[in-house]
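Below, each structure is written out as structure tokens.
Two complexes, one shared chain (chain A), two partners (chain B, chain C).
Right after this comes the complex of A and B.
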């Protein structure tokens, strides 16, 4: 098919609309995914198509068996780092959840999940043809998930279906308020009922210490591009030995005529998963990730400081549980909203003002509520962000206590 | 979880075991996936996690709606380039096939496919809980798929199940022999029966001209890292408007308590797919891809020349259909096999000899049969490869006619 010759020209010289090194990026889902220098070098080395597969072992021809680059070792180290027995890198955290649901249950089953779960947890259940039962949260301003209610919800499922849910899923830290949920409460309940417990660590593993064994997780899912200094798309599916047979079940299909079989291939992985650049960034960033989770305490100090400073501005308060236990933060900012009502740029004034001050990542148009993430910012940058907000508040006549 | 401090050190400085610029790489699945310079620049710009999502539109929050970088336009141009109505970039060609099977049929359905299909076509059907019915091929030396037999196989399915197969899949060029199948024969049959026709263009679209409209495809699947000068993992799912409702069906799940719904999200995509580096390489390489498919004729000249030269070596012949219509080539090399029987390195001698001559990509250990791909090699490199094989043949006393 011929398309006009000049049409593809627009794909030359693709650039982000800000130079990363000149701006402070507060984007809630981007802070944990910024590549390390090692990852940047590795992505250039392994950018070409199937370059990770130079040494694909001919007999199994499986990604997790490749020893050069050391993918096989990496999968083991990744599992150990998470306090789990086995790990697979998959294309997205949502795919990890889909695989878990699909391989643990059957169509019509329930998944019990927290009501602050990411949309992709719901849709992963839907693609696996399952229903969801939500565990309530306390609503504003805390939105605290009532973790003990998991037991009630499992009971409800039992009553309704005569069988247990296929799985229980808890979002370790939710995407809305950055609330950290105590996984041990839910794992205890799940264990009592004998239901597999999936801990979705999209925002936690890779930035803060997560030990699946200590937390009682049967499965951990996570997102490489969200929290492991890796390129998208990368997901992590880590699990205990007891679920290995189900999650890594091999292909059984056979050609009716040729009798071809593919018994080495893992069915839910469709054989191989991330055979390329994003996996390599995950591996190359791993040394830094292993060490950075130990510095989580300081990350919490920084976000608490920024929150307490921003709350000095008239009409500004943090939503979600207090004090902050995660760097993802949701602010209610009535003060800025009032300004937006009279501003000719409406809600976009705040984005404009911040951008002028070399700060990006607050969603353009939002002033009543917005989210940010301070992960990995230096103290100097934190103070700079604080000053920028104070400056904007003063410019528009908001009081600062 | 603490892992020993020194353990992650091995993931620093990851390198391929040969410097790409110094070697000729004949790897059958790698030639079409080598990045363009534009793609290399783009992957550095968009290497960070979710960097393609800087301008995710808040209301839909969907990858295919992003206009900066121009993802929305790209999806349209990609569809048009393939002679199809709609395109989505997914994580792998195998995922594209899984999505097609899953959304077009139901568990227990049949997929009719050629017996030279890639294993991932079988496994995609298996994950969708379907069975396969294979269309035979002629066996050695041609392995020509008997395309007219698709009708027979559809009839068999009808008789066995009382309903039509969920889909018919044809591998446009197979991974084993590089045989090009005439899609029009199969599309005509599929249309007569009213069964959706999937053309798997993993080895064709992106390197040679493919016009789905002309070929009668309802769905085209392809692989960015195999044939579009893109990083892994990237797959393409392109389809006609008539299948749009099924393939891009929106999420319908609803939270039982919160009534949360995600009606903007495409179910089979799990919302978003390749939100990062590999997608950007696919886009950045697109201008070159659009122009390179026009040079396919010369690629065929080169492979035919090399095949005819290599066949001058004693005990060497090309398998698959003749003359070559694709650059992926399977050689039977009895001559080299006989040498390997006496060589102290056994089958590895050929790899060693080639590598010494700065040629890689022939699978280590193989001498009786091996595959290579000449796509994108210069005439000078083609002659260099020929000379290297002649040189090795002479060294071990094989005749050259």
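Right after this comes the complex of A and C.
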């Protein structure tokens, strides 16, 4: 099938509308994934297809066996950094969750999870043919997950099916309100019942200190493109030695005709996982990631400052737990919403005004509530964002205390 | 002899170090590493721009930093240019 010659031309010279060099991007899912200089340089070296696999050992042809570039060492360092025993880089955080569910349970089993979990946690369970039991949250304005309710939900599962859930999952920081959950409460409950505890660190590991051992996690899942300054798609699956046999079980299949076997391949990883640009950027950014988590305290100072400043605007308040313990923030902005009702651009006015001031990442059309993330912004950029909001508020007659 | 050079050029262990004029990365005196280092310098410039976006109000230190990287990139690219003439 031939397509018209001119049609593919549009794929040449691809350019992003909102280059990080030109705009301040507050998109909640993008701040932790911005590449480091080392990562950008590494793409030049290893952006080509299978270029990370030049030295794949023929006898144990597997990604985690490659020593140049030092993938094997990286896997070990990654595990140690997270306070876990073993780590694998997978395609996305959701695949990491799916692998954990699939290898720990069986169809019909339950996963107990928090009611602020990301949709991909639910879908991962669905694909693994499992059911979910949700732990409630307090609702507005805090949306605090009642962590002690995990025990109640485990009991409910036990009563309903006569066996324990296959796993318990807690979203360390949720994608809606940026609430930081105390993993130790849930890990203690999971341990008492002997149920594996999965901590979803998509928004935490890579930007803030996370020590799986200290938090009592059996499995940590995370997202390279969300929080580790890596290109997409990259996910992290890290686990304790006690689960290694289950999670890295080898392939047993045999060709009926050829009798071919693939015993070196890890079944749940489908053999090798992520290579090329995503893996190499994750590796190249690792030294900076190791150091930047130590600066988390300053990131919190910045977000608290911005929240307190924005709350000076009439009809603006932060949702979720206070004080902020994470840079992902959800604001309720009744004042801007009232303006949108009369504005000819309706809800898009705020987006337009911000974009005019070279700020993007607030979802177009939203004025009643919106989310942002300040991770990695400099103090000057934080003040620039504050001034832009003040400027817009003044323009439309909203009071600033 | 030709066969030995071909094998050497195909061996990644010798990439970038093979004196044979036809080997990878050393054609007519051009070293691809110079080009990549120059791009690396420009990436550092981009990095400063990312920290100062969107208005790029820079401290004197940041301006000096950018000039240093631009000079470095220019001198590396000059080497590439000279290599073409050799």
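By definition in this document, the second predicted complex is superposed on the first by the 401 of 401 C-alpha atoms of A that agree within 3 Å, B and C clash if a C-alpha of one lies under 4 Å from a C-alpha of the other, contacts with A are read in each partner's own complex, and residues count from 1 in each chain.
Heads up, the rule we're going with is that a residue touches a chain if its C-beta (ideal position, glycine included) is under 8 Å from a C-beta of that chain, and two chains touch if they have at least 3 such contacts.
Everything numeric in this text was worked out from a predicted model, so none of it was measured.
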Which partner chains sit in contact with A:20 here, chain B, chain C, both or neither? Use first/second/both/neither. both
| request: May I ask you to decide whether A:378 touches chain B, chain C, both, or neither, giving the answer as first, second, both or neither? | output: second
(Q) For A:37 in the superposed arrangement: first (chain B), second (chain C), both or neither? (A) second
Ask   = Which partner does A:401 reach: the first (chain B), the second (chain C), both, or neither?
value = neither
_Once chain A of both complexes is superposed, is A:365 in touch with chain B (first), chain C (second), both, or neither?_
first
| said: Quick check on the superposed pair: does A:54 touch chain B, chain C, both, or neither? Answer first, second, both or neither. | reply: both
Both partners, chain B and chain C, contact chain A at residues 20, 34, 40-41, 44-45, 54-55
Within their complex, chain A touches chain C through residues 20-24, 34, 37, 40-41, 44-45, 54-55, 357-359, 378, 380-381, 384
Counting only contacts in the complex, chain B reaches chain A at residues 1, 3, 7-18, 20, 27, 29-30, 32-35, 38-55, 58, 68-70, 73-74, 77, 80-83, 91-92, 94-95, 98, 102, 115, 119-120, 122-127, 131-134, 136, 209-213, 224-226, 229-233, 251-253, 255-258, 260, 262, 265, 267-268, 270-271, 273-278, 280-281, 283-284, 286-287, 290, 360, 363, 365-366
Touching chain A in the complex, chain C uses residues 12, 36, 39-40, 43-44, 46-47, 49-55, 57
